[in-house]
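The next block holds one structure in the form of structure tokens; read it before the comments.
We call the chains A, B, C and D, going by the order they appear; numbering starts again at 1 in every chain.
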Amino acid sequence: MAVAELCLFLLGTESPSVGKYLEPIIKVIKASGLKYHVCLMGTVVEGSVDEILELVKRCHETILNTGVKRVVINLKIDDRVDKPLTIEGKMGV
Amino acid sequence: MAVAELCLFLLGTESPSVGKYLEPIIKVIKASGLKYHVCLMGTVVEGSVDEILELVKRCHETILNTGVKRVVINLKIDDRVDKPLTIEGKMGV
Amino acid sequence: MAVAELCLFLLGTESPSVGKYLEPIIKVIKASGLKYHVCLMGTVVEGSVDEILELVKRCHETILNTGVKRVVINLKIDDRVDKPLTIEGKMGV
Amino acid sequence: MAVAELCLFLLGTESPSVGKYLEPIIKVIKASGLKYHVCLMGTVVEGSVDEILELVKRCHETILNTGVKRVVINLKIDDRVDKPLTIEGKMGV
């Protein structure tokens, strides 16, 4: 199990406010069934690396369907083999 | 006012668990007096860019004083001039 | 076509020098057939988002097979629909 | 001596092409006198952490002077105490 932070930077949207473009992204994350937590600088999800990368793929498709012409997807995946890594575990830190 | 996420990757610590090295960092952040929020993949702080960079400097000094031999400091600063940017504002998104 | 930067932070290694663990990663990237460029703070690859995510998956498997106990995969994917995005194009900037 | 990668994401520009806004940034980096290397997904500079953070401050001021309304500054600083870290050293990896 890994924990990842996903953050999308949208370029060329004319307005610096991009919340409306990110609403469908949160829906995709919700629909994935993965445990997630909307943080201040990105959304954190918990899952296998395969599940996380599959989610990134769907978020990429979704954001480009909103009419955004350019996106930089920023992804940090934390994974370890010596002990379980979960959102709850990280919250306890 | 800007909002930034600070995340430190510590290399060469022998154990993959690095929580003990990060405790003094949280103390430095607390002592800065800046508004902050410990998130799952980093700590988010609110302040002027000068205040944030000053805090990064102190965190860098502090982490190397813990005996860590190599650190990668990962910093994302979000700043805008068209409207205020605050931790509360981002929480409302 | 997208351009991505992949950077792996290896936590818990005995030494802060991690070059030996990254050699098999470069082999995996070479074997992918994708155009790539080893930069100073990560390796940049060019491909479809699917190809890039598939490569990330293989790099994840490979790095954990080297005995590393914890890895933070840092990925930035730049993609746009209004004009082609290539390594050569970015070099010309 | 540390080595850092600086990358600016400009939000709210009319076009997804942002090269023209980044030209003054390269001038500021040049004028800093620090060793630098324009890479594909950011510009890598070599210097003390103080020099790097000072440069980030000037880049922040400069980018907002170009009329950009929102910027996300993405900074990765790699620093170690066990042996020197330089752009040449990283190139030899």
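One rule holds in what follows: contacts are C-beta pairs under 8 Å (C-beta built on N, C-alpha and C of every residue); 3 or more make two chains touch, one makes a residue touch a chain.
Per UniProt, the chains are A, B, C, D = Thiamine-binding protein domain-containing protein.
Note that the structure is predicted; figures quoted are calculated from it, not measured.
Student: Which chain has its C-alpha centroid farthest away from the centroid of chain A?
Tutor: Result for max centroid distance from chain A is chain D.
Student: How far is the middle of chain B from the middle of chain D, if each middle is the mean of its Cα atoms, in Å?
Tutor: Whole-Å distance between the two chain centres: 19.
Student: Between chain B and chain C, tell me the centre distance in angstrom, where each centre is the average of that chain's C-alpha atoms.
Tutor: Once rounded, the distance between the two centres reads 25 Å.
Student: When you check chain A against every other chain, which residues touch at least two of them?
Tutor: 11-12, 16-17, 69-70, 72, 74, 76, 78, 80, 82
Student: Treating touching as the only link between chains, describe the layout with one word: line, ring, star, complete or other.
Tutor: Contact pattern: complete, every chain touching every other.
Student: Could you pull out which chain C residues touch chain B in their complex?
Tutor: 9-18, 69-70, 72, 74
Student: What residues on chain A touch chain C, complex-wise?
Tutor: 11-12, 49-50, 53, 56-57, 60, 64, 69-82
Student: In their shared complex, at which residues does chain D touch chain C?
Tutor: For this pair, the touching residues of chain D are 3-5, 7, 16-17, 19, 22, 37-42, 44, 74, 76, 78, 80, 82-83, 87, 90-91, 93.
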